[in-house]
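Each chain gets a letter, A, B, C and D, in the order it is written, and its residues are counted from 1.
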Amino acid sequence: MPTVRQAFVHRFAASAPDDLDAMEAAVRRGELDPAGIVAVLGKTEGNGCVNDFTRGFASLALKQGIAAWSGRSVESVGRDVAIVMSGGTEGGLSPHWLVFEVREAPAGTPAAALPALAVGVAMTRPFAPEEIGRLPQIRATADAVAAAMRQAGIDSAADVHYVQVKCPLLTKARIEAAAARGRDVATGDTYLSMGYSRGASALGVALALGEVREGELGDGAVCARPDLYSGRASTSAGIELMENQVMVLGNSRAWAGELAIGHGVMQDPIDVDAVAQALEQVGLRAGLRLADADRARVAAVLAKAEPTCNGLIRGRRHVMLDDSDIHASRHARALVGGVLAGVFGDTQLFVSGGAEHQGPDGGGPVAVIARR
Amino acid sequence: MPTVRQAFVHRFAASAPDDLDAMEAAVRRGELDPAGIVAVLGKTEGNGCVNDFTRGFASLALKQGIAAWSGRSVESVGRDVAIVMSGGTEGGLSPHWLVFEVREAPAGTPAAALPALAVGVAMTRPFAPEEIGRLPQIRATADAVAAAMRQAGIDSAADVHYVQVKCPLLTKARIEAAAARGRDVATGDTYLSMGYSRGASALGVALALGEVREGELGDGAVCARPDLYSGRASTSAGIELMENQVMVLGNSRAWAGELAIGHGVMQDPIDVDAVAQALEQVGLRAGLRLADADRARVAAVLAKAEPTCNGLIRGRRHVMLDDSDIHASRHARALVGGVLAGVFGDTQLFVSGGAEHQGPDGGGPVAVIARR
Amino acid sequence: MPTVRQAFVHRFAASAPDDLDAMEAAVRRGELDPAGIVAVLGKTEGNGCVNDFTRGFASLALKQGIAAWSGRSVESVGRDVAIVMSGGTEGGLSPHWLVFEVREAPAGTPAAALPALAVGVAMTRPFAPEEIGRLPQIRATADAVAAAMRQAGIDSAADVHYVQVKCPLLTKARIEAAAARGRDVATGDTYLSMGYSRGASALGVALALGEVREGELGDGAVCARPDLYSGRASTSAGIELMENQVMVLGNSRAWAGELAIGHGVMQDPIDVDAVAQALEQVGLRAGLRLADADRARVAAVLAKAEPTCNGLIRGRRHVMLDDSDIHASRHARALVGGVLAGVFGDTQLFVSGGAEHQGPDGGGPVAVIARR
Amino acid sequence: MPTVRQAFVHRFAASAPDDLDAMEAAVRRGELDPAGIVAVLGKTEGNGCVNDFTRGFASLALKQGIAAWSGRSVESVGRDVAIVMSGGTEGGLSPHWLVFEVREAPAGTPAAALPALAVGVAMTRPFAPEEIGRLPQIRATADAVAAAMRQAGIDSAADVHYVQVKCPLLTKARIEAAAARGRDVATGDTYLSMGYSRGASALGVALALGEVREGELGDGAVCARPDLYSGRASTSAGIELMENQVMVLGNSRAWAGELAIGHGVMQDPIDVDAVAQALEQVGLRAGLRLADADRARVAAVLAKAEPTCNGLIRGRRHVMLDDSDIHASRHARALVGGVLAGVFGDTQLFVSGGAEHQGPDGGGPVAVIARR
């Protein structure tokens, strides 16, 4: 009989991008085994846009911390742990860390009666610059999602509720390297390349989970066919890698523990019905707000936010796209953060922006991890 | 038998601060009688802070429009109509106008079976600069609230659910005028004087409605005793007046029509229970969100937003007060706007900032006007 | 002998976008004849970007003021007076109005010994949406510049030192109107259309002044050939017109008065040599800074500001294009405003952004009007 | 005969807050001895306000870099090297590092014919929270400046041209610790405490250099007597220390090398005469701009920027203090940066904000280090 694994999700408040005090205390108390950390998601308080250095600051501090606690080198931590920093805590959103830890249950531990939270990670090959934002990245991401599902012991796409992907972006140097080999790239704009890479990665998830058909896909679809999307993908681009790092979250009978995950797809930024759907999947009832007892069962909330392209929310005009003082993605995170805060009675929510092909226009996935 | 009056609340979308197209069309269609307008509240898309000129722009355009439609002078419109512009449509908030119109019901019209929306307006005497933000402004405001209640035929403070006050502020010239008479003022900082005037006005409402006792009040209480507040006041300061303009909204059997108003007091920025309370008072049931049929009954939603002073929301840190890129009041409006948008399924909400003595720290009144 | 004209340039401080007090006082004192106003340039304190409503607010207040003072209708003022509002007073820039007035000199007045400031205005035909940002707008603008030169009695392009153009932009409605006639437009992005219209207008000026050859021009050149530009054009787009309004400023012996204009072309945002060149043309010596006596001779300073596209200024990196908190054009105005403030010892400078084809990349025209 | 020392000033461009590539290359080439670094000033691209984490990010990366290159621990580097990060590169300012290195000249090296750049560092005792922003901090800082002068072999205050001070600030914990001992603090507002600490530190420099008399000083003077200031102090507050770190820059015959320092005191943000004065002291002639050959001699430019409190610059209104979108200190840095960029023909300038008691209202010190 195979060893039963158990996934743990730790949520720690951060008083600054480099604040690891709460995490370190948990390590000291033996509640968190740094050697078991497979991924860390961080919500930092920068602007979440181009010049947001809180992400790099948090990543640097985090890698050093985990390395010190687990006696590994900073490089090996960077290689073995998926580190995804999302900037922007607008409105009432509260900066925090989400640490995913996997332990082997003691020999002989039975699997959970109900499917339990399962975590699988996988990586694609490094991409050539000309592959980023195009079909090769889509296909390789789909393969990595499948591999991560196998690694997690998740048989059916229906049991996958959230897929976090960290993907590369184009830099001037990378574009020139491609040009030197006579290859053009998806876009010459390094900033836009983040969107193309996020979009292709999300379409890769959609392909793996059967949300789109391979025939519908092509280079031309990326950032051009909003009707093609995954309701379970959350992708973010970073400069420090050339491959895609994939973390699949789902439920599996091969895992132990009380934690489970569910999700819904918000059709617009104020779609609370999708939240209710996610809550029901983990056995929680959404009313006007979560009951206090239920709130204590919630381990993590993950959602995507984007402004609607037509400038409307249910027929009402929003100003996000016309505001030259506050970036549209900041307005969008503030809005979705407020909508979720009302339902959950909590502001420690992982709401991130940049939702190309991650849910419908202006909407996006919302996932809830909770103790049954 | 006294004439029965009926209050109408018109809500018009605005594509810019000076966009009166929807309002003008209603006038043309005879749905809105410009001569009956007693007050206009406008949510404009500026920053809602010091250098927000969308308020002045909207006021100028509005006065000219009403003057043209009703054949009055711009001056008389400015004198007769309470015009309150609130800047800031962060997150998903949608710029719009709320027009309050009062008509006499045809002779013999019976009053409503249930108490109906009643509107009363009154004005204080002009204040001397040294009175602003102090006891004389508090007392005079309380008297004006009482007068507005009488004018509206509202007998009991319990029937008052929202009191809008427009109040003056201090300018360098006004401070010097007081000094020339040997009088000091509440603050030499013209920006802070807006808060003192809003605060004293709100305490005046609280005094009139029995929410605070006269003995608790004094110059020292303004902006210093957060425990003293009104759960029904919404005050805003403007440079163009020296008196307080008061509009009382409540329910009265002396009025006709289906509209009624209710309110709750949000204890913090994500307190949806207070929204449920306001909805119940007008016969609507709050669940995860309003039913579509019920949403159509809502004529207006009015709320106040402020960051909590301790930097926390239910124990979670927020960054509003530490953000030097986005003003704290903008974060707060975005958050409360999101919380309400989730419940109402709508973003056309009148959420304004600057809530000194208007609800508890970080919270504030939320009022709903709806057809029963 | 033809009547001799004289141009006057009045500079008034503004304490807010709608502050006309100083202008009105000048009218009252008889120093400014409102009937003689041909153009007003206004530097307002908005963000100078998409949601800058200080421009519309200032325009509305200004038209009403001039109409009231001169007994004309607001419409006729809007038609007869070129009104150009430029938002953005970053750094130390001071909000102000520049009023251009033309009077006929008393019969028999001799022309100035030296060429004097000459002002000419002209208008193109209204453009069809599909013409905006393309060759037809370029050619029509060139014709209008020639007409304005004739009207000003300026014979040679060498005597033209500054050409202000106000041009239209595309709106969704205008794009659809063109599509209904089976025509496509330069860009479907309404915001980008402002740049295309400014760029085509500037190329029209360049064509009229012989700065580019007709053979070099085509639809494809607009916003794509930075090497083609005018060193004397300043263009701004507005939603309220469909034609191009052109004001030419130059020197002519047919005009009287002490005022004269000169210009230089800044090669980058810190190119003070170009300022020295402009000053010398009006008989002023640029040193470390203008001597106090010379400063009093300066009537107006007009300049364009843009970030360099390569992210460098003389090999040093700037952050303008990477800053998601402050728009690049705001950084650029602040920088050029500071450079000029040091030389002129004054911050009441008309520095505007959006310099497509107006000077080289990152640079732009700088013009000085002064009493000889 | 005492050993002759030589000071080196290295200026390195930064492509991000943690970019040490240029510095590391200099170490590799043997041009910079990491063991000789006494201070590093960094201009980073954050907002320079409360939530600017680029300073902490840069400090962390820098300490690790120097530690790695010099085989020291991060802690010892933090203790031995004065690290001062200044956020804010508005307008055209270019992010960069200024590294101050001191070497012993080979035995027998004669001192420079002319006084050469001399660097001295000293530290105060750690302060109790209740001493910060008050007389004890002023006095201790003055003593440290005197000690740093002795250490640098600078005999006369007239030879001191720039004093950089890093000082502590108050936190909630520190305020409570003082309260627990029955002591009150200068201010309960942790943000304001930065200004009090900077101000008291600057007054300490002024006292040491004879710019103010001890009799004029008292707790009440800090942040209340703008007429008392140092024309050579540049102070910045940090959370990571409780003592004051002082670096004195001056000229001394006991030092070797071609570098020298001069300074002027800008009377307002556009006072180029003060720049000319600083340049003349190091043998450079200021004209409209520096000659190219002279520009190559400049090793560093250091200046302070602040908005004028009365809202005016030479009688012209500025909007810095009324802008709720861009912090006043950001406008001020952009303005001063532009003024200096015009004169120096360079944007790699160390312009920092927060100038309490550092120069007159709206003005501040400007220092130039150059090769004679």
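Here is the rule we go by: contacts are C-beta pairs under 8 Å (C-beta built on N, C-alpha and C of every residue); 3 or more make two chains touch, one makes a residue touch a chain.
Molecules present, by chain and UniProt name: A, B, C, D = Cyanuric acid amidohydrolase.
Bear in mind the structure is a predicted one, so any value in this text is a computation, not a measurement.
The interface in C-D, A-D or B-C that matches A-B, meaning over half of the contact pairs are the same by residue number, belongs to C-D. For chain pairs C-D and B-D, the one joined by more C-beta pairs in contact is C-D. The mean-CA centres of chain A (Cyanuric acid amidohydrolase) and chain D (Cyanuric acid amidohydrolase) are about 42 angstrom from one another, to the nearest whole unit.
The distance from the centre of chain B (Cyanuric acid amidohydrolase) to the centre of chain D (Cyanuric acid amidohydrolase), with each centre set as the mean of the Cα atoms, comes to 48 Å.
We define each chain's centre as the mean of its Cα atoms; on that basis chain C (Cyanuric acid amidohydrolase) and chain D (Cyanuric acid amidohydrolase) are separated by 41 Å.
Residues of chain C (Cyanuric acid amidohydrolase) in contact with two or more other chains: 45, 47, 51, 319, 322-323, 325.
Within the complex formed with chain A (Cyanuric acid amidohydrolase), the residues of chain B (Cyanuric acid amidohydrolase) that make contact are 13, 15, 45, 47, 89-95, 269-270, 272-273, 275-276, 286-289, 313-314, 316-320, 322-323, 325-326, 330-331, 334-343, 345-348. By the touch criterion stated above, chain D (Cyanuric acid amidohydrolase) contacts chain B (Cyanuric acid amidohydrolase) in their complex at residues 47, 49-52, 319, 322-325, 327.
Listing the residues of chain B (Cyanuric acid amidohydrolase) that touch chain C (Cyanuric acid amidohydrolase) in their complex gives 16-18, 45-46, 51, 53-54, 56-57, 60-61, 325.
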